[in-house]
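Heads up, there are several structures right after this.
In what comes next, chain A is part of two complexes: it sits with chain B in the first one and with chain C in the second one.
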Partner chain A sequence: MRHPVAWVLWTVSSATAALLTRNPLYLILIALAAWFVYLVVGQSSSLARSWQGLLKLGALIWLVTIPFNALMIHHGTHVLFTLPKNWPLLGGAITLEAVVMGLVSGFALWTLLLIFAAFNTAVDASLLLRLVPPFFYQAGVVASIGLTFVPQMLLSAQEIREAQRIRGHRFRSWRDFLPLLMPLLTTAFEHAIQLAESMEARGFGGGLTNPAEETLLRRLLLASLSLVLGGLALPLLWEIRIFGELLLLLAGGIFFYALYRVGRHVQRSHYRRLRWTRSSSLIALSSAATLLGIGLIYSVDRAALTYYPYQPSGLLPPFEARIGFLLSLLALPGLVSLFEEAPSASVPLQTQGNGGERSA
Partner chain B sequence: MRKQRVHHALDTLILLGASLLGILAFLYPFFTLTRQGFTGNTAHAQDAPLFTVILILLCLGAILATLGSGEMNSKMVAILGVLSAANAVLRAVPGPAGFAAVFVLPILCGYTYGATFGFLLGAFSILVSALIGGGVGPWLPYQMLATGWVGMTSAWLPRLERWKKGEVIALGLWGLFWGFAFGALMNIWFWPYVFQPQQASLYWQPGIGLRETLRRYALFYVLTSFWWDLGRAAGNALLIWAFGRPILKLLRRFQRRFYFTVLPSSRENQPPLKVHPQKSLH
Partner chain C sequence: MISFRHVTYSYPGANQPVLQDLSLEIEDGEFVLVVGKSGAGKSTFLRCINGLVPHFYGGTIGGTIEVQGQNPILSSPREMSALVGFVFQDPEAQFVTDTVEAELAFAMENHNVPQATMRKRVEEVLDQLNIAHLRHRRISTLSGGEKQRVAIASVLTLEPQVLVLDEPTSQLDPQAAEEVLTALQKLNADLGLTIILSEHRLERIVQYADRLIYLPGAGYPPIEGTPREVLSKIELAPPLIQLGRALHWEPLPLTIKEARRFARQLQLSERTPAERPKPSTSPEIIIEDLWYASNGHPALRGISLEINQGERVAIMGRNGSGKTTLLKQIVGLLSPQRGRVRVRGLDTRHTPLEELIKFVGYVPQDPNALLFADSVKEELLFTQRNHGLPEGEGIDEILRLLSLSELAEAYPRDLSVGERQRVALAAILAARPEIIVLDEPTRGLDYLQKKALAHYLEEERAKGHTVILSTHDVELVAASVDRVIILGEGEIVVDGSTREVMTHSMVFSSQVNKLLRDDRYLTVEDVLRDLP
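Then we have the complex of A and B:
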């Protein structure tokens, strides 16, 4: 099992590449890499079956969009056939360019779906939650409680259902579910009360205690939101682009400073530390190289990543070996998993003298 | 008490500011593509979705970071977590025509417990449901924000406690409205990008004006997602009309158990603690 940070980096890198290019050759490379990773890493996951269904549905939608796109867009020079002009919306030339454009657009979305299928099946949700940064720890706690209580909710629902059946209640239509729903919600509230009391007994709520600091943080967050609004409004409404960008930069700075101030008051403890393995480094480095490389190409030579089947461009997509190489690096997690026995990614916390892991 | 009021006011402003920015993020492609000229291969046509995702993440980040700055107590954390789990389970139960009962609790809780709670319950329900179902993807921030708005705006409905039948009817109609509005809102994140400017009257083109944009979108919506959304809207309304009254009663009963804070007394000759009831959980 690889470290979730390495997986997050791989997903960001793959998804960014899929979002920035419409070149079908590059998209095929990304999709092949993601498919390989999904097959090698994700197939053993319990979520694999549900993602298989979703991928099939995505493929079906993609196939439906191709004729839909071809029937609605009547632009292009390679005319396949012509529908009567008096047919509303559909009338006009059906062109090869429109078919290709529908094919590529749908394929880009399906590739994105495939990337997230690989990510979701490869990474455990509880490991993912441990990555929540300190400034979002409250949100992380809520999500953890939610995840933990889902099986308990299902068990409660089962027990209540059985109890109501014993009492003679029959669940024939959706209106008969009130005797199930109400005890389920009541149980949920009772659990929440017990949990809140137990959390308070264990000293939960150790965030900020200084009211002045709390006020300052709220003001900082509000200021950053206002500056973003201003930064967007200036270039859109009055074409003052440079001031707009400056405001956005300032807003970003204030926002991250506020997050830093929220996070520095938070102490975290870990029962098990996630282990960073050599394969995690390989995945992280290759993903970072792809992300940086594609980002650099996009900022310097955007045309290298775009694809436009209509005139003045051509139907045949261009291909550059450097981009192909960068994208093929995305298959590395699959290769690493093939050639390596998977050790546990987490190790029990050892007593350490440096105080790196503190109990909160 | 004064500090609490200031914090509450600032939290409300952050929630509103982030929501305003979220709306702008949904509409952002219309502005940028109009200004840049959408010729299909323009680089900015590819920038816009990335920038929109960043904006949406910023909105969610601002709201969630506000929670971390000390406002959420253990009661709110616990109740949000447990109700998010319950709502995620409800979402996983498949209904007819793709209906999932994910909006009922955010609407009723938002109406009873306030805008902040409604927003957070909506957003966390989607997050938990995505984590258990492996539904993490670029669509997740959009869904979290839009479902959060369902809960948040439910708190803005007029208080109709005295008119019990009318209250449930109004909330059911609200569920009906959000069933359609959610679909209409979620379509916007891809609608401006779907096709090229050469295409005809079903899709958006730069420079066509607000009225024509609305007309085309209405046509697109009726032809595509209306029928899908109809199942969701009708399901919301039916569930609220059928079960809304007892659920509201339950929520109000537990409101009295949850909604109080224990404050230290300032005078020495008074009892050390006093209980301060709250109208809503912030």
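Then we have the complex of A and C:
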């Protein structure tokens, strides 16, 4: 695995490119690059399997949105067929352009999903947390645990549904949700309590122990809140807006100072040092090149990235080699992973063992 | 040293204290076993040692507690974590990260331990617990016993002087429990670590303990002493101790080895074994060449068996051997990918679940999956409504049978694990099923509750109902099951009468049977019946 910063850069670069263009050829290039990366890094990750389901679901939603776009938008010259005009919303010409536009928009969204799937399988959540500033660390841990709760909740939901079905439970009205919802919520809550206990028993949470410091913090937050209120109220009473804005700025400053003071109390060490390797540099540089290049093209020659199947443009998308080259750089992390033998920047992970445990 | 002086504690909003005027002491380096009925305050007592009670739970506390010179009532659990390591019951619910090494480092990172020290300690702890080969594994791929050893390792990295464990083996199969207990014994012997542990299945652990503390419940003083002393006085005792007490063996044997000396002198009459009444020979469940895989992992491989009406069958085997999958196939929640399952002649693949549940009842492993209503009684009425049965019919009898009459109006989620288990069972029985399927019904039950369960199984047999249960509990099986099927990696490894299977197995055998190695004797009652 490469340094998480390199992966963050890759993700930002790929996602920006996918957001800035609607040209299907460029989107296909981005998707192919992300798919390649996902397949290569996903080999060593059990997370990849859980993303597979989400990607399939994304593809399904995409397919459903195509007819939606085609039925709602009736512009275009290539008419496929016409629905009676008196049908509300749906009535009118169904055009090839609308179908193509729906296809491309859905594809752009699915490409984004693919990019995040690759990012999530490539980077360990705990490594990512290390990039978070100290004062957000605890919130970060809570958020990352929240994410791991989702698959667990889905699993318990399945068990609860089965248990209640055998008990003869059937859906007839909204009240029938209760036998499923109540056990799910209470089970999740009890699980959360257990985890919180386990974290606290291992020294997580620290925070402020000095009462004087706590009082100071409270005062700082109170001052910040008063300034925000003042800053919002002032322009209503007085014509000169600059004073209100200054107060808001001051409030923001105090708030961040308070966070900084809390952060100073979170003293943590790290078991693994994150190493910046040559392949990290390669990925970071290539991703930066794509980001800069695409950004530059977008600001100078926006038309090069757009795609418009309607008149006066044509259905066929244009293709420029320079853009194609920049986007193909996004496949580099996959290539690097293929040719690199040992994982380099972090804990090496082994996923397949002989002790696969299922509840039985 | 750990000392409790006149400690009284109540949870927030509770009318009664859980601990009342509790005073006791634990010496350094002791291996102490804490026992007591469900709800006697064992978990609360353990949580007082590292300050989770009262810091995490709130409530009111009185008296003084001292742990290695620190007062956990004044210090936070964070400060206590360097002195006291705490391991919880559920191996699934206590992990924060997803790999073994990261989990081991978590506590040290929180304490800002320098990196070089962390490296050294991780290596040491991996060796101490014999889990060095697991260091890079993802926690989700570990077995139950491995997970619990990782949980122990993850608190040992702070080099605590006391290790507290709250029922650490209750969710493990016998082999995995053995792995964990052997590791604990080694830590106690080699490092001089004080170990305080609560457990229901005393037969697994009593031989390792130096001292036993029995908590009889709030208001009564604890009974303390060597395991021998305490076990001769208390109601909760494993079968071997019960036998020793009944036959006045002195000194009371704690292990099979110790008991053999007495067993040799036993004069048992050569009466024929009290055969359990044969169930009818009409097959109620027929499974033919059943194959099933989930997520590409084979769970059941070519299972063929017949279960007759009125039989009580136990499905046993290690965690992950396919027990739950087989039960779900029988109740129709899963369909065979190959082969056939027929319940009362109905093929589960072609029969809607609504048809099957007219006579099949299923209690899942986790009773919490069922309970949602405002009262115990309401849970039973809900099942009856679902089945279109006359509401309230027979409910009082079911509640009485499962000793729940007094709890009829209680909120199910407020009850203890054992009580919830019985409420879940009652909720299923309310539909009066004739085939009853139970998945791990003895989790978290003490000996008395297990006895009540055995009694219930006896009543079901009298009614001619079929009972199929999956369990690790050999004593329950010995007391109340006719036939044992042992699964290994999705295949039937052994299938035979309980007496036959137990006498020929080293692992799946009751204490009494291990002692006498005679298929006539599985339980204390069997032996007492044959005394001259």
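Here is the rule we use: the second predicted complex is superposed on the first by the 204 of 360 C-alpha atoms of A that agree within 3 Å, B and C clash if a C-alpha of one lies under 4 Å from a C-alpha of the other, contacts with A are read in each partner's own complex, and residues count from 1 in each chain.
Note that contacts are C-beta pairs under 8 Å (C-beta built on N, C-alpha and C of every residue); 3 or more make two chains touch, one makes a residue touch a chain.
Predicted, not measured: the structure shown is a model, and the values here were computed from it.
Trainee: Once chain A of both complexes is superposed, is A:His191 in touch with chain B (first), chain C (second), both, or neither?
Mentor: Both: A:His191 reaches chain B and chain C.
Trainee: Identify the partner contact of A:Arg165: answer first if only chain B is touched, second if only chain C is, both if each is, neither if none is.
Mentor: Only chain C; A:Arg165 stays clear of chain B.
Trainee: Return first, second, both or neither, reflecting whether A:Arg275 touches chain B, chain C, both chains, or no partner chain.
Mentor: Neither partner.
Trainee: Quick check for you: in the superposed arrangement, does A:Phe204 touch first (chain B), second (chain C), both or neither?
Mentor: Both: A:Phe204 reaches chain B and chain C.
Trainee: If we overlay the two complexes on their shared chain A, which of chain B and chain C does A:Ile145 touch? Say first, second, both or neither.
Mentor: In the superposed model, A:Ile145 contacts both chain B and chain C.
Trainee: Return first, second, both or neither, reflecting whether A:His78 touches chain B, chain C, both chains, or no partner chain.
Mentor: Neither: A:His78 stays clear of chain B and chain C.
Trainee: Comparing chain B against chain C, which has contacts with more of the residues in chain A?
Mentor: When the residues of chain A touched by each partner are counted, B comes out ahead.
Trainee: Contact-wise, after the overlay, does A:Val262 reach chain B, chain C, both or neither (first, second, both, neither)?
Mentor: It touches chain B, and chain C stays clear.
Trainee: By the touch definition at the top of the document, which applies to A:Met182: first (chain B), second (chain C), both, or neither?
Mentor: both
Trainee: Taking the contacts chain A makes with chain B in one complex and with chain C in the other, which residues are shared?
Mentor: Dual-contact residues (chain A): 125, 141, 145, 148, 178, 181-182, 186, 191, 195-197, 199-200, 204-205, 209.
Trainee: Any idea which chain B residues touch chain A in the complex?
Mentor: Answer in residue numbers: 3, 6-7, 10-11, 13-14, 17-18, 20-21, 24, 28, 31-32, 35, 40-41, 43, 46, 49-50, 55, 58, 61-62, 64-75, 77-86, 88-89, 120, 124-125, 127-128, 131-138, 194-196, 198-203, 238-239, 242-243, 246-247, 250, 254, 257-258.
Trainee: In the complex, go through chain A and note every residue touching chain B.
Mentor: Within the complex, chain A touches chain B at residues 15-16, 19-20, 22, 45, 47, 50-51, 69, 72-75, 89, 101, 105, 112-113, 116-117, 119-121, 125, 128-129, 134-139, 141-150, 152-154, 157, 174-175, 177-178, 181-182, 184-186, 188-189, 191-193, 195-197, 199-200, 204-205, 207-209, 211, 213-215, 217-219, 221-222, 224-226, 228-229, 232, 236, 255, 258-259, 262-263, 266, 302, 306-308, 310, 313.
Trainee: Would you pull the chain C residues touching chain A in the complex into a rising list?
Mentor: 50, 52, 55-56, 76-78, 81-82, 84-86, 88, 90, 93-99, 101-102, 105-115, 118-119, 122, 134, 136-138, 140-144, 146-147, 154-155, 158, 294, 297, 299, 317, 319-325, 328, 331, 333, 353-354, 357, 360-362, 364-366, 368-372, 382-383, 386-387, 413, 427-428, 431, 470
Trainee: So in the complex, the part of chain A that touches chain C is made up of which residues?
Mentor: 46, 124-126, 141, 145, 148, 156, 159-160, 162-170, 178-179, 181-183, 186-187, 190-191, 194-206, 209, 267-273, 347-353, 355-360
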